[in-house]
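Scrolling down, you'll hit the structures one after another.
Okay, so chain A shows up in both of these, paired with chain B first and chain C after.
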Partner chain A sequence: MDARTRFIILMLTPATVLLLGLTIFPFIASVAMSLSNYSMVTPDSLAFAGLQNYFKLLQAEEFWTALRATALFTVLAVAIQLALGVAIATFLHHETRAVPLLRAIYLLPMAITPVAAVFTFRMMLNPSLGVFNYLLKLVGLPPQDWLGTPAMAMTSLLIVDTWQWAPFILLIAAGGLAAMDEEPLQAARMDGATEAQVFFHHTLPALLPYLGVAIVFRAIDAFKTFDIIFVLTGGGPGVATRTLNLLAYKHGIEFLSMGYAAAIAIVMLAITIIAAQVFLRRMRMFVPRAAL
Partner chain B sequence: MRALRSLTPFARRLALSAFALWCMFPIYWLAMMSLKTQVDAMARRPKFLFAPILDNYLTVLSDPAIWTYFANSAIVALASTALALLIGLPAAYVLARYRFRANADYGFWILTTRMTPPVAVLIPFFVMYVKTGLIGTHAGLIVAHVAINLSIVVWLMKGFFEDLPGELEEAAAIDGATYFQAFAHICLPVVLPGIAAVAILAFLFSWNEFLFALVLGGNDVRTVPLGLYAFVGYQQVRWGELSAASIVLLVPVLLFVLIFQKQLIRGLTMGAVK
Partner chain C sequence: MNKMKMPTGGLHLTVDRRSFLRATSILAAGGAITLRSGLPVHAQENSAELLKLYADAKVDWQKNKGQTIVLGGLEHPWMNAVVPLIPLFTQLTGIEVKVDKQSETEFSASMPVKLGGGSATPDVFMIWALGQAISAKWLQPLDAFRNDASLFDAAWYDEPDIFSSARSFEKWSDGASYGLAITAEAQTLFMNKSMLDAKGLSAPASMDDLLKLAVALKSEEVAGIAMRAKPTGDAAPWTLAGFVFSYGGAYVTKDGKSGLAMPESIAGLDMYGKLLREAGPVGIASYHWMECLNDFMQGAVAIGCDSSNFATDIEDKSKSTVAGNTLFGVLPASEGKPAKPNMWHWMAGINAKSANKDAAWLFLMWATSKPTSTLAAAVGLATPRGSAWQTSAFRDRFGAQAADAALKNLQAADGDLFKAAWFHPKAPEILDAVGIAVNEVVTGSKDATKAFGDADGKVRQALEM
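So, the complex of A and B:
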């Protein structure tokens, strides 16, 4: 083995050990559990169940409802936060006054503990006592039952998630904008391109590699959001905002049927891996740019 | 057309200010609630003007539990951030700078740790932790948070290392430096602002993490998010005290972010100075 290979292996060893212990073991344990009827309520009747949990899951109405809610939440949350984050980052890039102050303010939502943020929103969204409805009335709009109907509950979740995480996209987009080569933009403007054309033909494509990482992490996190939904709607009203993650939590941690919960988790993992593989290949994010 | 041009900076500033208001409003409202009596907090018409009281803060601060939450969070977040950097930086460097066969697969493998639904990790962890006695200990929660943060450390740092010019290592090799010296003495110092930025993000993720802390830390190692959740109680939400506790526990993080925001921005905008 030459020195270069040895160096690569040594540098990857700590991460590999951690990953083996913390991902491979839980993964194998989860797969094994998903193929069993393991329940902490009746641990003695442990038996191999084959694909029973998966069949049961795929036939359950609650699984498809949860999948729809999860997909809707993830797609809308990432799309809204991406548009908002990039727009504000672009505005900020052209701004000259009070930039450090604005940046500090924009970081606030990410710093606050989600649980505290969600409680604050719960107070503000309260139909009779909350400030949201009070402000709506002030401007002459009808008050809303923010958490009472399925559509409004989903909207409220998106509002809270966007409040907290649009700044994450903004931060990474701002980094990309600062690193960007301005010359092609100036050249395009000289050729008479409008600001909108410059943005869509030059700025946005140059930003894509940066946004790629941001989108991947935001989409993965949105797909398995827990605290915001748990505290704000608890999955309700009814099961309207019960995502796959909450469904798995309910079966695993509340009902202690680990086998069934593990099957939900494995299905979630499969969906994420496939989606991420497709996305990363599209974005060509696997090619090391400076390779030795 | 000229009217439109002169309008643009105004519209831009309007959008930037509106977004700033939107970011601040919930925190402002939280601060207001923390200064209200229960009666004022529950007023049918939300009160913008009221007689502020400090009772909520006195109640919260006289409860020794809040200092325990704070200490628990600080220990777990600092230790897990440091460990994630120690383990993640070498891996990120190699993945960014060296071409080898399993490179892309290894990178994806690290990313899958973030994809794994928490329940899939939690249940085996829970069983393993109960068996090894790690349940309800700082060490157990630290290890779990390292696992959560490793992916973001590796993937963000990979980007910073990729942006370095290839001549760095070439020059180091000519000077007779080993591969490791080129990494530790040449490349690491250059990406220091990036490390600071990533460290802040990892710290925030760990400080705010709820689910693993709930299941693995339990009642023994209660972190800040769990301490806040405890205020909701079983019968009635004590809004005033909850808000005061949230503000108290937010202050150190805010200070941390405000002090390091320059590093955070500089780190994420490193490309500009290369």
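So, the complex of A and C:
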């Protein structure tokens, strides 16, 4: 082994050890656990269970209900945040004096500890003492049961998630806009294109690679949202907002059925990987631009 | 002296009565206790006097001098009352105690991970799910400590002073004891007195009366009644149980089968749902105990029905607008059946992997002893000791009427029905199914028969596993 190879190995070792210890090993352990009947309540009866946990999961109504809730939350959250994030980024792109201050304000939600923010929202959404219903009453509207019906609970979750994560899309879209070549846009304007036409035919297509990355990141994150749902609805009303992540928590941490919970986590991982791959291929994001 | 019949035989003072009464009078005479350097002012000034009470025990308190133990607990009145007294324990034993306090959610989520991973700490912890913890072998049986003469003085500890319900909680089905009771709570009705008076109404005598009362008190500004309805195992099932039990039903029957499909259980759920649908506040479906308590304390709801421990907050003028204006009462009965309010004794136990088990036991015994219970009761903690409930310091802080109502409810409770469900190794699954059913009935998405029918299927499946 020559000195150069030894140097490369030496430099790669810390990262490899970290990767193995923090990612590969826990992943292998999770897969192994999902193939066992491991329950902390009966630790002595640990045995290999094959794919039993997966079969049981796919036959369980609660899994399909949770999958529907997760998909609905993910799709709506990403769509709303995308629209809002791009709109605000475009608005801020036009230089004014207030932009630095506005940008800082818009980015604040991302910097706040999520659980603290969600607890504040829980108080604000309180139907009898919360500020939301107080404001509604001030303008003569009836108080709302923000978390009491499936539709309202999902809407409230989306409001809180959007408040917190639309700035993430904003940040990436603003980066894309800043890197954009202005000349084609100016040429289009000189040719008589309206601002809407410029935006939809030039700006938005040019932003797509950036937004693609933002969508993948945000969708993966929304798919495994936990804190907001746990604190605000606990999965309710009924099981209307019990997402896959909450289901895994229930079975793992509350019921201590670690094998079954690991199977839910592995299925979530599989869904995430497949969905991300399909999206990236459709967007042709990793195809060199020359080949397009 | 309170003449009320206690759940156990009343005050049993086998320790030196004079010194005990003298120490408790130190607290009572001081009125409200303020804190300084972790120890109550009166306790600091009289720590030598107080230490004599423990010195009377024929126990080698200094046996584990120099050791350090970790106490694991959640944000709870017991921790708030006992932690400031720990310097007294350290002075007595030479054992240092580190406190690891978390929120309830954080605690119940982190403890299984910690104990399941074989952690030796915390050495002593509040038990959040007894059946699970025993099945998982996280708890050290306590009987060996009780049989060790250097670690336990039965006469001094005075077990008969502990409520019989609490002593029954401590016995597991295998006859062993895995924890000691640290609190006593019973489901209690609390009503806004001025709202009752304004309409010329009085406390209900039956479940039907309760429904009529709650509906009559409901207005544009104020809800009639608020009780837990959040669809989680730690929320709605506890308060619903008083209704299900009072109608003659059960979550799990005493022979270990699901009782949710029993007509009596369904009737209890039906009444609970009716109360909250017809007289509950907007958004009741997401209410845990905190929202119920807040609404009652702010005068936004006329009636509450939850833990007797709420009395400490309700009667606290600094946070409650209804302090001194609340009527505490018994849970009403359903027709022809005795009322069976739900109950609860928090317990604390020793980590089976602890390296300092003897020191942990000394702490547990100290924390549940008569002197410590009396000190903790003086700041309003409802301990499981009859003697502590009778002290004037406790009755002043907790409220005499609230204490009487809590004791009546505690006497009426059926601990076996509670234990069959909450102490079951599958309790989290059972209670999760019940919590969802309550929420579905309260939101009107299912009727009681359908909701408990579906929950029954889940519980049966869990019990078969």
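A few remarks follow.
To be clear about the criterion, the second predicted complex is superposed on the first by the 268 of 292 C-alpha atoms of A that agree within 3 Å, B and C clash if a C-alpha of one lies under 4 Å from a C-alpha of the other, contacts with A are read in each partner's own complex, and residues count from 1 in each chain.
In this text, a residue touches a chain if its C-beta (ideal position, glycine included) is under 8 Å from a C-beta of that chain, and two chains touch if they have at least 3 such contacts.
Here the structure is a predicted model, which is why all the values come from computation and not from measurement.
Set against each other, chain B and chain C differ in how many residues of chain A they touch, and the higher count belongs to B. By the touch criterion defined above, A:Met154 lies against neither chain B nor chain C after alignment on the C-alpha atoms of chain A.
With both structures placed on the common chain, the touch criterion links A:Met283 to neither chain B nor chain C. Looking at the shared chain after the overlay, A:Thr233 reaches chain C, while chain B stays out of its contact range.
When the two complexes are overlaid on their common chain A, residue A:Val41 makes contact with chain C while staying clear of chain B.
Of the two partner chains, neither chain B nor chain C is touched by A:Ala206. By the document's definition of touching, neither partner reaches A:Leu136: not chain B, not chain C.
Using the contact criterion defined above for the overlaid structures, shared-chain residue A:Ala188 touches neither chain B nor chain C, since it reaches no partner. Once the two complexes are overlaid on the shared chain, A:Leu76 sits clear of chain B and of chain C alike. Contact with chain C, but none with chain B, is seen for A:Glu254 once the two complexes are overlaid on the shared chain. Within chain A, the residues touching chain B in one complex and chain C in the other are 128-129, 230, 253.
Across the complex, chain C meets chain A through its residues 105, 108-109, 112-113, 116, 132, 135-137, 223, 230-233, 235, 281-286, 291, 294-295, 298, 300-301, 425-426, 428-429, 432, 436, 439-440, 443, 445-446.
Taken together, the chain A residues at the contact with chain C in this complex read 40-43, 125-129, 133, 143-149, 153, 230, 232-239, 250, 253-256. Residues 3-5, 7-8, 10-12, 14-15, 18-19, 22-23, 25-27, 29-30, 33, 84, 87-88, 91-92, 94-95, 97, 100, 102-117, 119-121, 123-124, 128-131, 134, 163, 167, 171-172, 174-176, 178-179, 195, 210, 213, 216-217, 220-221, 224, 226-227, 230-231, 244-245, 248-249, 252-253, 258, 261-262, 264-266, 268-269, 272-273, 276-277, 280, 286-292 of chain A are the ones touching chain B in the complex.
Contact residues on chain B toward chain A in their complex (touch as defined above): 8, 12-13, 15-16, 19-20, 22-24, 26-27, 29-30, 33, 42-46, 86-88, 90-91, 93-100, 103-104, 106-125, 127-128, 143-144, 146-147, 150, 152, 154-156, 159, 162-166, 169, 178-180, 183, 204, 207-208, 210-211, 215, 224-225, 228-229, 232, 237, 239, 242-243, 246, 249-250, 253-254, 256-258, 261, 264-265, 268-272.
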